Amino acid sequence: VNEPETGHGPRAESGREDRDGPIGFAVVGAGRMGAFHAETLARRPGARLLAISDPVEEGARRLLARPELEGVLYERDYQKVLADPEVRAVVVASPGGSHPELIAAAAEAGKHVFSEKPLGYELAAADRALAAVERAGVLFQLGFQRRFDAGFRRARALVADGSLGKIELLRSLTRDPELPFPAAMPPWALFRETLTHDFDVVRWLAGSEAIEVFAMADTLFAPGRREEGQVDTAVVRIRFADGALATVDGSFRAVYGYDVRAEVFGSGGMVTVGDGAPDAARHYTREGIVTPRPRWFLDLFAEAYAAELADFVDRVADGAPPAVTGADGRASLLICLAAIESVQTGRPVRVADVG
Amino acid sequence: VNEPETGHGPRAESGREDRDGPIGFAVVGAGRMGAFHAETLARRPGARLLAISDPVEEGARRLLARPELEGVLYERDYQKVLADPEVRAVVVASPGGSHPELIAAAAEAGKHVFSEKPLGYELAAADRALAAVERAGVLFQLGFQRRFDAGFRRARALVADGSLGKIELLRSLTRDPELPFPAAMPPWALFRETLTHDFDVVRWLAGSEAIEVFAMADTLFAPGRREEGQVDTAVVRIRFADGALATVDGSFRAVYGYDVRAEVFGSGGMVTVGDGAPDAARHYTREGIVTPRPRWFLDLFAEAYAAELADFVDRVADGAPPAVTGADGRASLLICLAAIESVQTGRPVRVADVG
Amino acid sequence: VNEPETGHGPRAESGREDRDGPIGFAVVGAGRMGAFHAETLARRPGARLLAISDPVEEGARRLLARPELEGVLYERDYQKVLADPEVRAVVVASPGGSHPELIAAAAEAGKHVFSEKPLGYELAAADRALAAVERAGVLFQLGFQRRFDAGFRRARALVADGSLGKIELLRSLTRDPELPFPAAMPPWALFRETLTHDFDVVRWLAGSEAIEVFAMADTLFAPGRREEGQVDTAVVRIRFADGALATVDGSFRAVYGYDVRAEVFGSGGMVTVGDGAPDAARHYTREGIVTPRPRWFLDLFAEAYAAELADFVDRVADGAPPAVTGADGRASLLICLAAIESVQTGRPVRVADVG
Amino acid sequence: VNEPETGHGPRAESGREDRDGPIGFAVVGAGRMGAFHAETLARRPGARLLAISDPVEEGARRLLARPELEGVLYERDYQKVLADPEVRAVVVASPGGSHPELIAAAAEAGKHVFSEKPLGYELAAADRALAAVERAGVLFQLGFQRRFDAGFRRARALVADGSLGKIELLRSLTRDPELPFPAAMPPWALFRETLTHDFDVVRWLAGSEAIEVFAMADTLFAPGRREEGQVDTAVVRIRFADGALATVDGSFRAVYGYDVRAEVFGSGGMVTVGDGAPDAARHYTREGIVTPRPRWFLDLFAEAYAAELADFVDRVADGAPPAVTGADGRASLLICLAAIESVQTGRPVRVADVG
């Protein structure tokens, strides 16, 4: 089995960190995910959150007012944060398009980097970031948190131990209850921001590399803007090197709530992940048996988000290779780009032709 | 393991039926269950439905107007039906209180008898019926149809093959969406008509005999009529000879629909039966995930009702012992009577003291 | 909403049948489905099964030995059956490739026709059959039995009453536990015999017509025979006229058992169908909570198979239009043919280009 | 509706705490729950964990070696901890029998007290503790963490908002996969330590007070020791003042894993809590569909345990009344004592007669 999961990413050359005490951290980006990661770091032994940087001071100040973040500094300019020798690792949680620039800058400053997904929107920028990481020899880990979710891990374990046999069909989907991004949504956000998770999941679960992508997409919210990449509904088929076929779908209007599921079918059996029940209560009414709406992503994946960052802290401390590599991020980005081109041309696109 | 399931009931002495052709049947009682059984017989090779008897002619005539019952005769007086030598077997589907008299009369006429539950309301009458069956040497089988339901059978199989180890705790419940019986509901109908199923189920699943019963009951629909036995809510605890403890509950106002479940817990594991979903569709709405209301009993147990009668037809043809015996009916009745006495006295009652 | 469900098929011109008594039926094909339909007819008031025709006498004789088929005649040559004026309706249950010829012959003989799916393997033959039906003015109904399954019907009802809003994404899958057909499996059997159900289901649930198909398929059981159309794994994407996107997948080796599911996602919510549990028992073991394997198709769809034929009998009697039309069969066949061409060319295929 | 949930417990007389900075805490007892609570406090803004006391130094030292507990002091003698004026609140997590003594001592020292369940084993000692709390005017909250679990809270909310109508039947059960306590298990541990949770749950969900208890129990692990109260299997029926009937059962050998469920049935509908699935993955195998074993209590209730202590911290800071009062603990203890007497006498016991 081809095994992207264990693909070796850039490794901390110096081996185990020898400096004493908790690892100094900075978080760049004080939005939803930056706030979550800041709280995780504030509670994590082995890590010490020193600074938060965000060009918008107001939001960052509100975040820093939380009692658990007492003593953490605010810095508008991330370059100043990177110049601080106490900061040994950086969490990049800025808007997706800026990830490559920030990853590169942090690596060049000799910091270990944990970046939120995606690796970037364009291949050239992403490759520049990865090259900077490679040159600096720092640890770089990407935030595909589903790999740390208990259900997804169980699915992956069944693949890895052979229980499912040869993998033949996969499915992954993400449906948001509404447009998940602010007004300034990047073009092709459905692919670049949302389905990048699913592209990573099917590749990780398949244990194989994507070779061909065929995507259909539509713009149901704002008809006529499909050409700008403002699609809100998509179905993507991916063929993998070992013959497995994956279907990914996404939507920005699941009125019943956030919906994340996956399915792996192989010659030895099947595993499904995701059922959406937010808790174990079932309400029996005159109209039927009601399970409440699924949880929104920060609740659904709260444990996974905390676990991925805890894992990163441990790897920095141990000099271990990353759990999710730059190569993983690049592979998901290639599928994205192939999907976009497929929508634009109406034809299947070979991954080799976009990367 | 004590094994009431295979307890030998009265056996057709003549062994395999030697007369040719399908077995002539009559159905006594043209209500809901009589109609269902009549249709099953009309479709069953090996059986030929000859007559239906019911004192209320109108309902019987309506039933007989169904095309599949073409050619079946109506007879007001069941004694005339029993006098017909072509009728070799009788299905008793009259009101519960009349079962013993009809069973006895049919047996005395030399007919094999399949009777709807319960065996009866009072012990003396039930015993007279069983004695008549014994003397006549006819096949007698009782209609505890849950024993023929796929889920209940799987539960019983896990008990019987030892998968659940020593049985320690059991649960069975029946909740009707509304008063299931007509105005002239017999006293203690909740015990005598409804929970008699559950008493049989826990005894069958436990593989042991009840020795002590403690019941609480209340009248929520018509407060003040509890003394008459018009209870609509009850919880019954049963201790079995081998130490297992069962809890049975019942209600006449499950607004969410008909609810039948069971649970068997043993030293080797657990099995649960019943989840109420009427079909495999799940509706995801803004308010949550909705499974429709459970099915009403004739739908939920349609296959079981048909299977129990088909089984009886086969046993008559083969001269085999009954699947559900008079002794099973008597045991369930004893638990009923102990439960009624327990409610009346507020104390645990030994089964041996009522029978 | 475009509404293929209610598309008017050929109608019995004479209106309500005026001849008295049950409708005389013949079944052509004594295999698994022929046997099932024969039993349904034998039990159905309003129908009278007169003859079964099959070139292989032995199997037909075995079937006719069942007691409920007593008196039904065997006829090797189906033309002789069609010449019998007592036979007013024919059930076609022969191998799929012969359906058009048999449908046409029966229609030309003035018989009403219920045919097992598919309508045929090739468009020209299918069209000849439909033309014959049209000319004869007989009732023709196709056996897409999922339309009669309770769960699928509930899903369709939620589409039809607007609960799901505008339909955007659909999914349907069929996975067989093993090769479902005999040695002489027709080429592209996965599409022509199995996924034809799913093509019909997504079209029926979408309430729209397919306009483009893109399919990938592979041969995992017998590598190298893909060119002959002996594929055993496939994923098909279908774009509908109103913009909805459907994904269909199929396999011939679901080791966990027969798997049929569907999902409809719209602007108003979602419905899923199918969970595979064969009964309501759940076994809690040291290794986890176990639900038994799903049922095989004849059990899973037993009620639907009986219901579709009962429906046909009623429509013949009432002179009503068919529930599933020749146009429905043709539409499913077109998707099949487009899918096959898509696999062969590696490109999306417009449905208009194959039909 | 009688509403024990909001019963007013002892209130911090001084109103909102006016001292600045986080509240100094000590944890008494360094076992499993003490360790969990210590970690929660270490991460909780608004709280500062100062000391851990436990007579067994070795375990406490091991706990204190965790990096997140750096700087926390060890003190063998809890009286010294209580003498520290920086310690303003105490978490009691010692063995259950010692709770009353520790609660009283902490209250007398003027500390707010959060105590693990149960309130105690004997009524006199529990009452002495509550009197001390009353005199001291400190905040006292009891650790019935199920009240903070999302599923249980949803159930309670459906009761409280009237969705379930008048509550008629309740069920709660706890089954441990093995003996949960060390060799020196207290007599009647199943009631006093385990089912005390369920007694609280049914009372809380019923919104009424227990008036009569009837319990059966057995000793299946060590036959012959039932007289000593070493029962491992029990079923308890409870009648509430407003007529509702509850059934509680417990076991120390659920081989399929930890099992906690509840059910509330009322005139308006039903809610069930608990299904045991540890994550959202389902494995489809040749043998059936497998859901993994349920989680052990520290995982199942991890969020609830953290939430109850966070709630207590907030209430201390705000001078708010406790979420779970001493009166709640006393009510659960009374049901325990009535259940023990009922097992010993074989008769129903009125709660008023034990308290």
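Before moving on, here are some points about what is shown:
Read from first to last, the chains carry the letters A, B, C and D; within each, the first residue is number 1.
Criterion: contacts are C-beta pairs under 8 Å (C-beta built on N, C-alpha and C of every residue); 3 or more make two chains touch, one makes a residue touch a chain.
Remember, it's a predicted structure, so these values are computed and weren't measured experimentally.
Think of chain A turning onto chain B: fitted on CA atoms, that turn is 180 degrees, to the nearest 5. Distance from chain A peaks, on a Cα-centroid basis, for B.
Chain C and chain D have Cα centroids separated by 58 Å. The distance from the centre of chain A to the centre of chain D, each centre being the mean of the chain's C-alpha atoms, comes to 39 Å. Listed for chain C are residues 255-256, 259, 269-270, 283-286, 292, each touching two or more other chains. Listing the residues of chain A that touch chain B in their complex gives 255-257, 259, 276-277, 283-293.
Taken together, the chain C residues at the contact with chain B in this complex read 22, 43, 45-46, 66-68, 70, 149-152, 154-155, 158, 163, 269-275, 278-286, 292. Contacts from chain B toward chain D in the complex involve residues 165-166, 168-169, 175, 214, 216, 218, 220, 233, 235, 237, 239, 243, 245, 247, 249, 251, 253-256, 259, 265, 267-270, 346-348.
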